[in-house]
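The data blocks that follow each hold one structure.
You will see chain A twice below: alongside chain B first, and alongside chain C after that.
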Partner chain A sequence: MITFSNLIYRLPGGVAQGLIWGIMALGIYITFRVLNVSDLTVDGSFTTGGAVTIMCILAGVNPILALLISFIVGILTGIATGLIHTKLKIPAILAGILVQFGLYSINLHIMNMSANVSANPDRFNLLISMRNVPNAILIGIIISIVHIIVLYWYFGTEQGSAIRATGNNSNMALAQGINIGNMKVIGFGIGNGIVALAGGLMGQYQGFADINMGRGAIVIGLAAIIIGEVVINFIFKKGCSFYTRLTSVIIGGIIYYAAMVIILWLRIDSNDLKLFTAIIVTIFLAIPNLKVKKGGK
Partner chain B sequence: MLKIDNISKTFNPGTINQKVALSNLSLQLEEGDFVTVIGSNGAGKSTMLNAISGSWFVDEGKIFVDDIDVTLMSEYQRARYIGRVFQDPLMGTAADMWIEENLALASRRGKSRGLRVGISRKEREIYYEKLKALNLGLEERLTTKVGLLSGGQRQALTLLMATIQKPKLLLLDEHTAALDPSTAKKVLDLTDQLVNENNLTTLMITHNMQDAIDHGNRLIMMNDGIIILDVRGEEKASLTKEYLIKKFNELSNGTLDNDALLLSK
Partner chain C sequence: MKKLLTIILSVLLAITMTACKTEQKEEEEKFVIGICQIEAHAALDAATQGFKDALIAEFGEDKLVFIDGNAAGDPATCATICNGFVADGVDMILANSTPALQAAASATTTIPILGTSVTEYGVALNIEDFNGLTGFNVSGTSDLAPLDEQAQMIIDIMPEVKTVGILYSSSEANSIYQVKVVKEYLESKGVTVKLFSFADSNDIYLVTSQAVEECDVLYVPTDNKAASCAEIIDSVCRPAGIPVFCGEENTCLKCGVASLAINYYDLGYTTGKMAAKILKGEVKIEEMPIQYFENPVKKYNKEICDALNMTMPEDFIPIGE
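Right after this comes the complex of A and B.
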């Protein structure tokens, strides 16, 4: 029923999931905005993270440790894409698609060849769960903050700066003796590590991992990044710090998912959601390009 | 300091676009040599510099920098020894990063980059002083994004970046060609200043013959992938444009008219 109280009832859950998508979007931010490449591995590595986390939990592993294991496995998927791109000279987008494609089988193997594995929160110790939304929001915020602080620190180090230079102007990076191939591999690795960790959080939140849970993750991540940038450009006319930028990605994830909850509440057919998202992301990705054209160049 | 030993490079071999860009070229530079390079379009000047900096591997021959064989080193590895400034002011700096961040990246040229902090406070003071010496007011804008600077300011910054950690070899490929004449002069003066201060071994390509005559202690002229003239010392100091044009027509069998060589004048 379309009642306001119904919406209020559903929104907190939307915020919790939005936080998780926002964390995932931080991983995509590293490849999309810092390295300046589109990495399509994420649809696969998100699922990998969910699968690894749930299987670990079923095996009795501590849920935080399970997330860390997912993070590391996610890094490996990113490294695979990075190596295919840099060593075999295959375009980044294609390298990502190939790894994502192959991960489907690997994810099935991780889940013992079943398309869906669940960890009942009554029987297993989970870090977050949709059964306790306030707690999920709290944990989501804490994990977001940890990510933002660590990423801020990392991209201020010598290595992090070298990765930024590689994404900004690879010619300059080369001339400064930066091994741009390695920097890309590291960037892909960290990005997918974070995406997989977010997949693990999602798995715990919903209590199961599904072979298709990562489908469209790249688009949701881009939506979060772009919404965050729109918010930033609206509030800070004169640019802002890297902290703010990273925070905006999380906020973008929350806004995106809250919008989805509202759309569902309005009884719009959920099958049309993907089309809506695709159109909105296309428009926002196009805006900067169209502005440049108008300016005469 | 630099020894190029019989290098050759053919682009697109075996195709209809086959182009011999360098043929058995040899060149030796002593420490502190400042060599200007002239030649018509397509003579192979940039190709020679790219061969040294490692954009690709040469087909034949060897390249040594300070007795180190760099022939098979990748581009980023050679950067440890080589500072570069390009014709396009956009190419040498990271536009979305701050001035001080660009300088910090350049200060670590060829060093391993770990998890230490990207810029220390002490470095900032050094950058402030070095930028002040450029006289462009950039020292007050350490945290300005490089993309906001003018072409001349960016070239000056790129020059500083190329020399801030003394390179064994400085390669300049028409680094003033994209600038207006007065800015070009400033950047050239700055080039002299930095080269002299640090006693840098330098190769500078230019299309401006007067600049080629006025700067450096040695001049080479290229045509069709080989060096056709090499003058140094006293003889170089007494060169004139007219003489160079005459010489060029003689040595290249007069295949090109004066304008082709002069181009910028």
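Right after this comes the complex of A and C.
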């Protein structure tokens, strides 16, 4: 039963899911790498995005418009974290956890107090669906490219540069007259907006939103970012441009899911799935460190 | 760069070559069945086992290949698993639980999908005016014990009851549906109903403690999370002297006094028999109505009933007999 042709047939599904998680990881990249803080809101805002999108679609909203609405709602969740962090002086990790906790109840309210709402792909015109994996990959790539272009442009503008400066060295940014509090709030907002949009894509892809769908999103996102970085540092030894870095995040997401597909394909007991993904991510995390050690000798 | 390209190209070449070489020389007559289950827990495992046993009884073990997929609680992993099944070209998918069914139904419109441990197919698959027949490649069994009978059971055993607390997980679609039906029935009989939902296993202790203070009796529906944490519920309710009625036998075994038992193994077995009919080509899955568990058995938990000094009516049998 375990044949290579089997694996080849399975991979497209993994790529489609990987693209969606890659887009989500772009959102995490903004907080984790650009702003240089860990934002744990994402486990909640991902579900919020899925819930909003599916509820909008059930209400007859166009699926693309539904994604935009979830993007905006996602921004609000990020702003909440940002304000708790900057105005109430609560550490960023804790602020994220607080909002993530609160979002559980809010997500239930969005889904009309049910844990799981589904949009039947036969009855609704969904943007992407598991029914048509090649199409899902195509749309995923288009949306990824749009994100990369917009983010590349945005972080070149005055405001975007100010956000980057805040992340690089907040004291220096403050000395330049940048309102670092506002910049952090905006960064959290955009990051979670993208995460929620990815949640909306995932909801459409699998045909339902579930209260547990965001569980572990932060881990997958960080894994995608770091896997992407390892790959990109291997190819471009002398550093690379910002849009290559953004692309690497998407590629990281795809590699992560490809690894999962391979684990499932090998028929490893799927109860052990989490252990094996943890091992794979650990290996990727360790590669750069081990290399440095070797070079230093 | 060149080096990298060479590596990538040679890997691709190797893969295509192996792909060409490995002909599908599998034993053609074997039925390949993909099983997607949301998480490991007693009731779901029992259903899967029943399903397998029914098929093995029908075809024999060497005619069947089961691919087990367990999503460890992540709905998105169900999608990955079901995608894999479609890619493998399995003959049938068993979707054990609601998210598994939804992922499978999204993944394919051609491979027959049988659900089990799903409470409401109409809700799960977003079908309007659901009449027990999906009309497409999905059928299966529902784990819904007659809810009005369950609610009546509480009143029969404890006629003087005033306030019933319903304890359930807010993260499960199945539970919320049951809670609604049971609440309406009890309220129509003049009983006050209070709802106590918990988000995850960390909250159960606190929420249950609150519930035993406010209610005479608790009811726990068929709920995966409550089933997993039934010991915690017991550790609060037994010392407080509050009896717990359960929607399902496995939960009742650990924390309840009585239940209208649905046996998940039998439910899975029924599903397996449906699968056999479809695999033999006797019935088309589109024409197969969702089956419910017939004649649920009235059961009670002797140990807890003794501890609470409760005597059960004659027609209840102790769990485990």
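Worth pointing out:
The rule is simple: the second predicted complex is superposed on the first by the 274 of 297 C-alpha atoms of A that agree within 3 Å, B and C clash if a C-alpha of one lies under 4 Å from a C-alpha of the other, contacts with A are read in each partner's own complex, and residues count from 1 in each chain.
To be clear about the criterion, a residue touches a chain if its C-beta (ideal position, glycine included) is under 8 Å from a C-beta of that chain, and two chains touch if they have at least 3 such contacts.
Predicted model only: the values in this text are computed from it and were never measured.
When chain A is checked against chain B and against chain C, the one touching more of its residues turns out to be C.
In the superposed model, A:Ser114 makes contact with chain C only, not with chain B. Judged by the touch definition given at the top, the superposed model places A:Ile149 against neither chain B nor chain C. Legend: residue contacts after superposition of the two complexes on their common chain; A:Ile64 is shown touching neither chain B nor chain C. Of the two partner chains placed by superposition, A:Ile93 touches none, neither chain B nor chain C. Shared-chain residue A:Gln17: touches chain C; no touch with chain B.
Of the two partner chains, neither chain B nor chain C is touched by A:Ile283. The intersection of chain A residues touching chain B with those touching chain C, taken from the two complexes, is empty. Taken together, the chain C residues at the contact with chain A in this complex read 1, 4, 15, 18-19, 22, 24, 26, 32, 40, 65, 67-84, 86-89, 98-99, 102-103, 105-109, 123-128, 136, 169-173, 175-177, 199. Against chain B, in their complex, chain A makes its touches with residues 154, 156-162, 164-165, 168-169, 171-180.
Within the complex, the chain A residues that touch chain C are 1, 3-6, 8-10, 12-14, 17, 58, 104-105, 108, 113-123, 129-131, 133, 202, 205-208, 210-213, 215-216, 235, 257, 260-261, 264-265, 267, 269-271, 273-274.
Those residues of chain B whose C-beta lies close enough to touch chain A in the complex are 53, 75-77, 79-80, 84, 86, 90-97, 101-102, 104-106, 108-111, 113-118, 161-162.
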